[in-house]
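This is the structure, below, for whatever I ask next.
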Amino acid sequence: MESVGYYILGVIVTIIVAFMVGMTYMGLSRKITARVQNRKGPPFYQNFIDAFKLASKETAIHHGFMHHAGPAFLMVASIMSVLIIPVLNDGKWFPNLNFDGDLIFLLYIMVFGPLGMALGAGQTGNPNSAIGVTRGLSQMVGFEIPWVMALVALMMQYQTTSLVDLMAVQQTTGWLMFSSPFAFLAAVLAMLGMFRYSPFDIVGAPTELASGPVSENGGKYLFTMMSSGSIFAFAKLTLYVDLFMGGADNLIELLIKTFTIYLIPMLYGMVSPRYRTEQAIRYFWGWPLFFGFLALVHAMVF
Amino acid sequence: MINDKNSQKIADFIKNWARKHSIWVLAYGTGCGAIEIPPTMTSRYDAERLGVRGAATPRQADVLLITGYLTTKTLKRVIRVYEQMQDPKYVIGFGSCTINGGMYYDSYNTIKVLDKYLPVDVYINGCMPRPEAVLAGFGKLQQLIAEGKANGAQKYKDDHEYYRGNLRKIIGNKYEMPLYNW
Amino acid sequence: MKEIKADLISKIKASFDNVTEKDYDGNRLDFHVETRIIPQILTYLKVNLGYIHLSHISCVDWLEDGEFEIVYIVWSPEDKLKVFIKTRIDRETGVLPNIDMIWRQANTYERELKEMFGIEVDGLVAADEFLLEDWEGLPPMRRDFDTEAYADETFWHRPGREDAMDVREAIIERSREEIPDFAKKYSR
Amino acid sequence: METILTIFIIFIAGATGTYFLGKLSGILRSVIFITTLLVTSWLFFTAVSPDVIIEFEIMGILMSWGLTPLAYVFAIIVFGLAIIIGIYAIKAMEGQRSLNFFFANFLLSVMAMFGILISNDLISFFIFWEIMSWSSYFMVVLNHKDVQRSGITYIIFCVIGAYAMMMAIMIIYSYSGSVMIGDFISNFHAFSLGMKWLLPILLLIGFASKAALMPLHVWAPGAYSNSPMSYTALFSGALSKMGVYGMVIVMIMIVQQIPDGYWIKEVIAWLGGITSAIGTLWAIKQDDAKRMLAYSSVAQLGYIIVGVAIGTPLAMMSGLFLAVMHGIFKSTLFMVVGAIERQTGTSNFTEVTGLIRKMPWTFLAALMSIIALAGIPPLGGFIGKWMLYESLMGSNHYLLIIVIFFSSTAAFLYCYKFLFGFFLGQEEKEWSHVKEAPAMMVVPMIIMAILTFVLGVFPGLILKPINDGMQFLGYVSTDNRFWEMSTIFNDWGNQVVMEPIVYTIFAIFLFFLIFLTLKGYKNTRYVTTKDISSSGEIPREDENLTFITGFMQPFFRAVAPVMKRQIDKYYTSFGKGLEALFDFTRRIYTGNGQTYALYFVIFVILLLMFRDSLF
Amino acid sequence: MREKATTLYIGPQHPGITGNMMVRLKIEGDTIVKATTEVGYLHRAFEKLQEKRNWLQSFTLMCRFCVPETDPMEELYARAVETIEGREVPERAKYIRVMVLELARLASFMLWYGGQNGSLGLYTMGQWSVGDRNYILDLFEELTGGRVYHMYIWPGGVRRDLPKGFEQKVLKTMDYLEKRLDDYDDLMFDNAIFKKRTKGVGIVDKETAIEHGVVGPVLRGCGIRSDIRIDDPYEVYDKLDFIVPTQEGADIWARALVRRQEARQSIRIIRQVIDMMPGGPVYNKIPNPQKWTLPKGDAYVRVESVRGEVGLYAASDGGLNPRRIHVRGAAYVHAITLLEDVLVGENIADVSAIMNSLGTCPPEIER
């Protein structure tokens, strides 16, 4: 961190990398889904075209200030998460707002965006949006509990709330995935909900709610949300890698690890119908919660 | 430095290229043509490889696919949906019945000529058009977009009175058709 | 089948007056009845004789007689017999009894009769509109409604429809065009 | 003359003046009311220091008044809220009945709270406590509606608490012969073991009933929603904190002296956790904003009590910080509801929708307070939540942290419901006449909203006095971490610096807001909420397109097998017990709370007069 | 005063709707308190147009009645005309008709597989089954020249004989599809989430079914063994050996199981028909269509489609044109009164699944 200029440049590069990787992953997910479904599928860069097209839409409508600003809230959450989560182990190449990656702060900043977006969706006055938001919030209560249990277990076990410290621990002890297996299981099962792939795509379920909260967003608004989504996806994947897979030393390693993680919700989603809201919540309060408890017990005992 | 016209041209080219390869079709099966849309979208014909993909609500959609005849009751909804779509937007008339009424030429409840009510960019004829024909229709639309000729939205804006007048003629004054977008 | 039919005819005739029957080949039997006993005879068929399935309600416009013929078709899964209950009502003043308390789906049929033929159904509870929206004028399924004239008056027709010239021209024009690349590539 | 006494005299004079002169003219009443508050606040903030102690004797009992550093923190809440809510109340109460009584009572409440905070002896503490209870009770029954349920429930719980407290005071006095709090604390080790357990529990019952700790929270929804919103803001924001104040003293000063007193702390902490979870669940279910906020208050006080009960330095600090924050954002929210009720005539979510463009400033205040309530950075609520989690982790409360996290995540549901129900959704014709609340109501709300923001960026502003108070309680401040302006630390040495975070958040937000605004500025249009993509149909006029009835039904369906049966059972049995209690009290007394309060006072005075012959 | 319940429109422009129709839902929470079906978006006035056409011209309109499954409509019309006229149909034509009808049923089942799973968010299934459906449509294309509208079964027989080697192609396709149906089972019926989503949802019990005149798989799904092919056999169904499956559950799951077995039964029937197919002519020639009149009379014929009984009432006044053609669609019963009753108390998440399960097909309702 020699200078402010270097710092800002690094931040921008981090965001751009996150955007590109997230978009590419989503494109690859479409491609892989297509292959499973017996078809050729769009090119992997299709999402970039879609995003660019959305950005180049000529007109847009909004239903008021909150609806107008909703995607900006979402962007705050995604970019803040990217900036807080250390991308690589040494942190030289991708500098970020280094508060040691405080996990509690991260937990809360990650819900900042969805809530802002929910307010935007609320202002549209579209019942589909409101229903989608209530579903999303309910589901969030569902998967946050096992997710927090996993995190608390880790934090307690290693007496730190800092992601950087946890990554440093893994340099000596090996991947937390193996030393805290229950926390990993709980966190991965919670991740299924976090990524909102099937069977947890209840928020924007097209056949039920006609795409839910985003049903009034088009053009630049949808573009911002799409970009934010891809950045957020990258942030979440990096978080998992940092937490459980020992972080990454270089970009290639990071890509391999994140994509491996990303395959889990994607492949599960391809062959699953969608849960109803209460079923989704109950799912998270079943096995994931049990693993969460085991993780806590594990943390207490060791 | 950079010629304004040239940069405009390049920007237009890139924009049109993106629009051409990302066509989001509104999920609205207005008529019996809707039966050939699933095959077009699914594994054998797979329109997604051309960037064609469904959109759930009009705010996100680029293309309004009029799959066949429009009854007067549907016409009102179609026009409302069309007006809620964002520019640039395109209309594909699908099937013979959108062109000249097809076999419903003497029906009291279907319109015969779609382009009196909506600015149609591409017609796909046949009853019913095969998925290949639908793909060809999308190909034609892509071609028009690339050439910058698919400007139906502008036409609709310019001739709004004309289109609205034609609509009024059918639905009379009883039905409240709010002037939302214009 | 013959015995079943004979049994049915005797039972119906014993319970209702002014019933004339007409026998057909196969599993079909017609009864011509008065309009007012329609609910009773249908209830009787459903409750006492096992004709539990209302298959169809149709209406034929006999313009020259000035009457509508309403046909109720019921079916018994045990007898394997289709029974047609036919009745005639006046085109202008006729009122049909409501039978949707016997079979719920009759409600839909009656809504359609009301809208398409303008037949009043006594005691029908349903929304005003069924298939048409803001329809004014003659109910369209009446035979004196001229759909072609209405269409000509209301809608545009693309010129050239008479001999389909435009389509032919389009086909010729189309055949001169280059086949698009992707069509070459992907069409089977 | 001593400043403290001056403040009291001004309060009493102000209350009397408000009541009697207010009958002459409304303006005079407002002037007296606001002058009283302004003068006393000014005196408090400028002239009162925590050192001065005055002692005097009434009826042979030594009274000792003085402001401890701990009480100073609470006094800040009381006076800060009182002045802001006072300004708000003048406009908000316009045109309502018995205003003289309201404003006089308001002043009495503030005075009583101040009295509680300065009392160093148990007798005056108790007297002020009772004054506070009565005055708040009169506010609950001010509207003369639902007196039977809300009013009687409230006074019964007041009395339960007061009896428990009084019993404790009697015991203390009869054992040690002194009513000084300081004496009691220093002599506590001399009590027998049974007394050592009984006294704190009695006192805790007394305080917990005011802080609405489960199972003593039953009165809260009715009382909060039944009093005028201008008072509920004070009620929930400041008055309930008096219970917390008492609990802090008991938990830290007394419980620590009990051998195995650890268990009391654990039980109270768990009660606090469960209170927060159940309060949250009930809050989500409410369709009326007042009741929702009431249950939300119960839940939030649960967090505070958890922090206080855990008692590690960080936990205590988080508890006190949350107390301050809760005072700010909850009173803002009650003020918002008051404003909405004033402008629309209802506080029910299912009736009001789409006010955002009619009442933008109110919305802003509500938004900021809700973000603070939800604990989302960068506003002040986050600091408290952060410290609470860190302290729970530092003290190894594995499961409690999950309970707290559950309730604070579930709190998002009612937070969203509050904003959505009032401000978002369809803009209906029915409410097209609604105007923004008058400036005198909006400005206090906005000031409070800004406060939540300022405290979020610079928590040190309030952490400094809290730290002083904690030193008074016996916490040794080892490093300077407690009064760093913008940084918060946990027990393990991790830290969060708020300032750069806040700046980054605002930078990103503004960047994208500008991007969204400027990109295609000319072609971006505002459209009404009637022009939604409702599947191509045009909605009919009489159709309700706002989704608010049964808002979180799927969530409740999911929690039903886990929670619902137990809650129901608990509540029905508790309700039955409560009704039996009602009947019992009604048989003894006339059923009128005011009469009963009089009996009670006489009883207390008699006891005090004949104390020598009794013990 | 506004209503307490929220209004939610499912359709006409909605990804979850089964066609161009609308269900107006009143919801409280996510529970439906009232549902109203609104139709008429597809009303083309076929029956009016047919009165203006002659008997053969009317036939071309027939297959457009219900798009997902066009052949039963042609069969209905052909049989109605034959019944009124008393025209004989050659034996081979009957077998070909059964084959075509069963192929159409199978194609429709494949579409249902896609629709039912798409409504629950399992899009992979839709991609598979709708893609495989193309193989059946290929057969149709070879046989009739059209993928969707065949106009093959017409009064007096079928339009032309089977092409050379067609039977083998059909059998090969059947082998392939049978294999694929097992894959579908793995994806769909072995799926715990699918089971959770469909069990106990959209219940149509026996009483409701009889009260509403429910037909087809919905009726069989509540335990009543009823099938037009057995009860009121037409063509050569009485000579064929097949099972009519029933289930007791009366919910979406039960109906899905019924359809799953029926799809296999269709394959079985097709194999039998090809096995038993006699030689001979396929077409009993009709007179000059411009002068073709039918005797005065009426007929009501029924066919078992995928959604259940489809009937057609035809009346002739002895003239060149039909006096009245009136189609009774299965969806006519299912999509309006039944759907309105079934949806009450259900979750909004299940609306689309219930509609798919009941077989609501709007073009058949509105005609």
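Side notes on the structure shown:
By written order: A, B, C, D and E. Residues from 1 in each chain.
As a convention for this text, a residue touches a chain if its C-beta (ideal position, glycine included) is under 8 Å from a C-beta of that chain, and two chains touch if they have at least 3 such contacts.
Quick caveat: nothing in here was measured; it's all calculated off a predicted structure.
Common neighbours of chain B and chain D, by the contact definition above: A, E.
Every chain gets a centre from its CA atoms, and the centre nearest the mean of all protein CA atoms is that of A. When every chain is reduced to the mean of its CA atoms, the largest separation from chain C belongs to D.
Greatest centre-to-centre distance from chain B is found for D, with centres as Cα means. Centroids built from CA atoms put chain D at 70 Å from chain C.
Measuring from the averaged C-alpha position of chain A to that of chain B gives a distance of 36 Å.
One simple way to say how far apart two chains are is to compare their mean CA positions; for chain D and chain E this gives 64 Å. Distance between chain B and chain E, defined via averaged C-alpha coordinates, is recorded as 30 Å.
The set of chain C residues touching two or more other chains comprises 132-133, 140, 145, 147-148. In chain A, the positions touching at least two other chains are 37-39, 57-61, 127, 131, 206, 210-211, 215-216, 219, 276-277, 279. Among the residues of chain E, those touching two or more other chains are numbered 6-8, 12-15, 17, 27, 30, 40, 43, 45, 48-49, 52, 127-128, 131. Per the contact rule defined earlier, chains pair up in contact as A-B, A-D, A-E, B-C, B-D, B-E, C-E, D-E. Across the complex, chain D is touched by residues 28, 57-59, 76-78, 80-81, 84, 87, 176-178, 180-181 of chain B. Interface residues of chain A, counted against chain D in their complex, comprise 55, 57-66, 68-69, 71-73, 75-76, 79-80, 83, 97, 99-100, 102, 104-105, 108-109, 111-112, 115, 118-119, 122-127, 130-131, 133-135, 137-138, 140-142, 144-145, 148-149, 152, 155-156, 159-162, 165, 210, 215-216, 219-221, 224, 276-279, 281-282, 285, 292, 296, 299-300. Here chain D touches chain A in the complex through residues 354, 356-357, 367, 371, 374-377, 382, 385-386, 389-390, 393, 396, 398-399, 401-402, 405-406, 409-410, 412-413, 415-416, 419-420, 424-427, 490, 492, 494-497, 500-501, 504-505, 508-509, 512-513, 515-517, 519-520, 523-535, 545-548, 551-552, 554-555, 557-559, 561-562, going by the rule given at the top.
Across the interface of their complex, chain B is touched by residues 132-134, 136, 140, 145, 147-148, 150-151, 154-158, 160-161, 166-167, 170, 180, 182-183, 186-188 of chain C. Note for the complex: chain C touches chain E at residues 27-28, 52-56, 58-61, 71, 73, 75, 77, 80, 82, 84, 103-105, 107-108, 127, 129-133, 140-141, 143, 145, 147-148.
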